[in-house]
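Should a chain be cited, it is by its letter among A, B, C, D, E and F, assigned in written order, with residues numbered from 1 in that chain.
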């Protein structure tokens, strides 16, 4: 609920994190609304939930972002994880559990699939054996995905992937804002002498001027640390091999729906306004 | 805690959902209190918890409801489930975990086993391969179970079983009230073109005049839906194959004890009044 | 190993179960070999195994069988199961584990993807709440899938689905042979008074003249039964909720590869001949 | 298969382990066959497998062995286990999985439920906090259970329970034979300075003259030991908390059926003779 | 959070539960601070988390408490448990999950490893087959561990171990105070006729004058009981065999860190004061 | 059993894989036998199995290989895995399950702990975020461990670790022989364009002249491949997160004991000769 409210305020402009994005989407949408037909997830009435190829929410699959306002994309890698690995299967399991999520946001009235063109573009190619190279591959893939103004809702994957994704966004939009929900700051200089890990993500981003510090919010910092100045990343379920009931992935699928619902341009049902 | 308070208020007459039931039990009980001996669950001192045939709370087992104020009864079917099946094992696993529940309600002072004659009547026969026929079988079994005024605390089973159970109650008591704790309204007209499913339960009940709308309360509605007018049933941990620690079944066993404790006629310890 | 040898002998013509099929494929293939380009699964070098939308073996997905020699197709239903349900998730989990299976059969030299046009056509629509209707839907879907001579490698789903699938094949090819690997005969007249269940499959098929008894082999019959004349279906690990390591599904994916490799028309590497 | 053949030979008299038992049963049975009606497990057609109170094979439950040739009885204790506990839940889980076992032994033709009066007498009371006292309680319970010549098929529980059970049998029948299927001899003098543990079972039995060494067979001894003279008990899957699929318990339920089938007095179907 | 605050207040002297301990530690610490070098857990930068022998927090291991202010010690026994066993593996799994806990308490500023000499002294020897003897062994081991004024942070094991541990503390410090966080009072006279079980712990302690009733606080009492005067111990995850994700053990490891942080003598970072 | 016999023949000189090692151990041992005292694992009588810090077989822990004939050492990394990660926890879980393995090899009579000085030297430091660097760290650590002639029994970790370990051995002993038990050859030129992965291990070793091809045996090659010339590595339980019962780790612990038992210099009990 907290996450929903924060995202709602932030994206809808109160924090004005993405004003450029807002106007660019608005401009494009005003031209196209009348003529466009939008993708929509398969409902359980169209095809029972246990059935069908598992794309995100069982949306159409396409190879690039042509014509899309928003895409779901997976980054299946866990090479930067310090304890339990397995988040390489994150995108796969989130897609599996996403069959439970429906199309209408009862709480806020948002109707994203009547407002934005959305599809699943699958997973990007990312080498699992060389984290430096993987970072370059992620950056290159996202640069391409967002070239036409499409927004990405990315599914990981461990936390280091945020760094090359931010690189791609900065290249297009300039220094950007960030809402970071986590238990740790992830601003370590190094981990085990390595530059790119799940605990050094935002140090790297800050060093390269990717973030506009006036628009960065970190929520949820807690737990034990090594020194008064330095916190880090906690164990998490809880990673698909540790999530036998799929509950964490279902939560991820629900949260991604909330994120979709607060993107600029989403229409709201009159009933709830 | 919320569930306990709602049940407490509702059953004890503030919402007056079952006034007829209240008086019929009271009448019968006044005649019999002096002469009756009540069943009681085996305590862990009488027989250690891992031991014994798993009836509900390790109460005596009997074949029908003769002489009972209340019975526990299982309806082991999941033919109406839209995603994860397995609730057919619900009664079995609730009984297994019920060995942890004791006889005295410390919070409210209720002493149900000194007030009501309770037993486990096992599971009803219900075909698993034909949902229409299963619904008829459930209705017939419950008609018989409640013929003598006995109350049922039923363990499912997926949500569709509520519909034929309500049919049986309506036949005896007329249109009835309902406290429905769920995440979805379950009032769909159809699912996959079928009349009887876990998502059409209360639409069917309403259509047949089973429910008195002035006495229906729906609690907990939330989540995403398909349209502004229509919500449905979410995945739940639920189902025994997805509940390896038995925690959900233990919760069910505890909740059933709370329901037992607020039935009309239950005596309370003076200490707590 | 036993299964591989049996399938190898049977399909390659020693048992001559499908002579018509053999010649029809041969005829079509001889015309097309030169000009066709075949689908091939993604290798782990093209895309790492944890990545990508999970189609069977990560083959291309298409909506019908146009141009195909063989298709993989899922029938996600478990409405006929007598004990543990969950096989409705069979196709999904087999696809998930199928990423481990490669393209070349080292034991026999078979190179199916250089011989046949293969794709994943997804899951058919099948109602989960009405087994009679589901049987009709399965028959209709398979009738359509095989109309152009395409072969199906079907992933279930519980055993009753074999009956409507056989109906579709009989309609096209006449009475057919069968290799049935199971622990029970599945020839009960009824189960719980129902005609279509996982234990009545071949009784129904026999009654309708679908099977050519001279070409039916039942392998693996064992276990306890109810009477000297009647055996049935055992519990199986089976079912995805009871298969947390995915081992059963991986076995299924490997067995399906073996079945693919012995289909008429598959070429063999010279090295192994 | 090995276990089945060994049991078959042994009990049917080739090893003549229980000649007295054989004749006593035979005598009693010859008098009663005409007039007796035998108990029989519920079949899945009488009540679907997921339904019903879980007695062993869903046989009738009775409190003592009056009128029985054979009883199933649980001894839910694991106080003697040296590594993983949890076998206290053995009887409960074996009963749960036993719903899969049918009434007719297809391999040998045995029809035990047309030959012997069998019931489930539940679990004996056994203290979990004091192993010496538990041993005395087990001995006393079995002395009572077998007083009328009834045979026991006991479900544990860890291996130490064999010792007090043998004490009871010796008291009635004199020194007895034993088929012991295990990985270790279980003849340690002490474990952690204690007399009664899962590793000292047969040392105690031997010391007290319970066993007739000429009729003792130990099968399956293997694994590593501490000294050339001493082996012990291995980890086993074990124990219900480590058996999430129920496979070990199902195996136990099947093996118990085989043991039932080779008891003296069991009739065989003509078809198989 | 509640637990943290209660512990914080209690140990820091507001409840004055351990004034003697406080002064004895203070006296010894004032003499030694300058010259002592403190143990510290391995950080994930010194050795990655999945690596290394699992001592508690990967602290140094030593055989006794010589030179220590505080020790971690395991008591791996579950012989007093009334339902699910397995807590004998508690110390092992808490150590395993403890690799996630860091050295600095961000919430309170506590820096225990710059204030106290801490080590892991392993597990005490405790017989698993005889609870009376086990209680004597636990008492003797703790008497020895605390002889030099060292404090113990003990990891169980089931609740009965508290009784012999309290015996050892009483012998050294006189009647003592207690903060007892639990769902039940654990003051039964007997369980199954036995004196020492997980439900009789504090009755035994009270009977022997171990506790100073004016300094005993019981927090969290809830659930159902047998009579208005008597409550007992609930099922708990609940035991390593029932905790496949390690979440309960990780919680235990975090709570033990909080307990370490509020011990007398712990220094606090200026930043947080 | 096959593995045991192969290892037995190979190490005892029939294949003469390690003649140098054999003589060097023999020389050193002849000087020291009289005066040396050997380490031995804790037996379950010295300390119950659930107790104690989990070193391998609960052997003494030491920081280097001084005075050792053989050491157990962990290499906790899975950065080269192509599908399921988690083998970084391999050494930890093998140690955990190793408490079940005893000291005497009943099958062959081997008494390794009366013949060789063995200890657990813990896990080496290995970076998890950079596989090239990790390979250098592994090589350096093993170079140091074997400098004094000590043999290593290494616990992984994924298959790529074999390559840097072989580098260290080659540096000391020259080109060496190898018994490779696997399902795949692991001789790919590259995987995802990377040199060092779990599928390129022996290609790298061969390229550098580490292996003496006349002394290399590959056993167990099977499964499907990509081309007639190229096989690879299969999914394995199969990795601790996928091995909830610990069975795979227990098998590993047993196999390591067999390997220990066939090392040059191990004495055999007369009873078995």
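Keep in mind that, in the parts below, a residue touches a chain if its C-beta (ideal position, glycine included) is under 8 Å from a C-beta of that chain, and two chains touch if they have at least 3 such contacts.
These are the chains along with the protein names UniProt gives them: A, B, C, D, E, F = Agmatinase.
Treat the numbers as computed from the prediction; the structure is a model and nothing was measured.
Common neighbours of chain C (Agmatinase) and chain F (Agmatinase), by the contact definition above: A, D. Residue numbering shows that chain A (Agmatinase) and chain E (Agmatinase) use the same positions for less than half of their mutual interface. Legend: contact pairs of C-F compared by residue number with D-F, D-E or E-F; the interface matching in over half of them is D-F.
Relative orientation of chain A (Agmatinase) and chain B (Agmatinase), expressed as the C-alpha superposition rotation angle, is 120° to the nearest 5. Chain geometry summary: the mean Cα position of chain B (Agmatinase) and that of chain D (Agmatinase) are 38 Å apart. Averaging C-alpha coordinates per chain places the centre of chain C (Agmatinase) 57 Å away from that of chain E (Agmatinase). Computed centre separation for the pair chain B (Agmatinase)/chain E (Agmatinase) is 42 angstrom, with centres defined by C-alpha atoms. Multi-chain contact residues, meaning those touching two or more other chains, occur in chain C (Agmatinase) at positions 48, 50, 82, 88, 127-128, 191-192, 242, 244. In summary, the structure contains touching chain pairs A-B, A-C, A-E, A-F, B-C, B-D, B-E, C-D, C-F, D-E, D-F, E-F.
Remark: chain B (Agmatinase) residues 78-82, 84-86, 88, 127-132, 191-194, 196-197, 239, 241-242 touch chain C (Agmatinase) in the complex. If you check the complex, the residues on chain B (Agmatinase) that touch chain D (Agmatinase) are 47-48, 50-55, 61, 74, 76, 88-89, 91-92, 95-96, 120, 122-128, 244. For chain E (Agmatinase) in complex with chain A (Agmatinase), the residues that touch the partner chain are 43-45, 48-50, 97, 99-107, 109, 111, 244-247, 250, 254, 257, 269, 271-272.
Here chain A (Agmatinase) touches chain E (Agmatinase) in the complex through residues 82-83, 190-192, 221-228, 231-232, 234-235, 237-238, 242-244, going by the rule given at the top.
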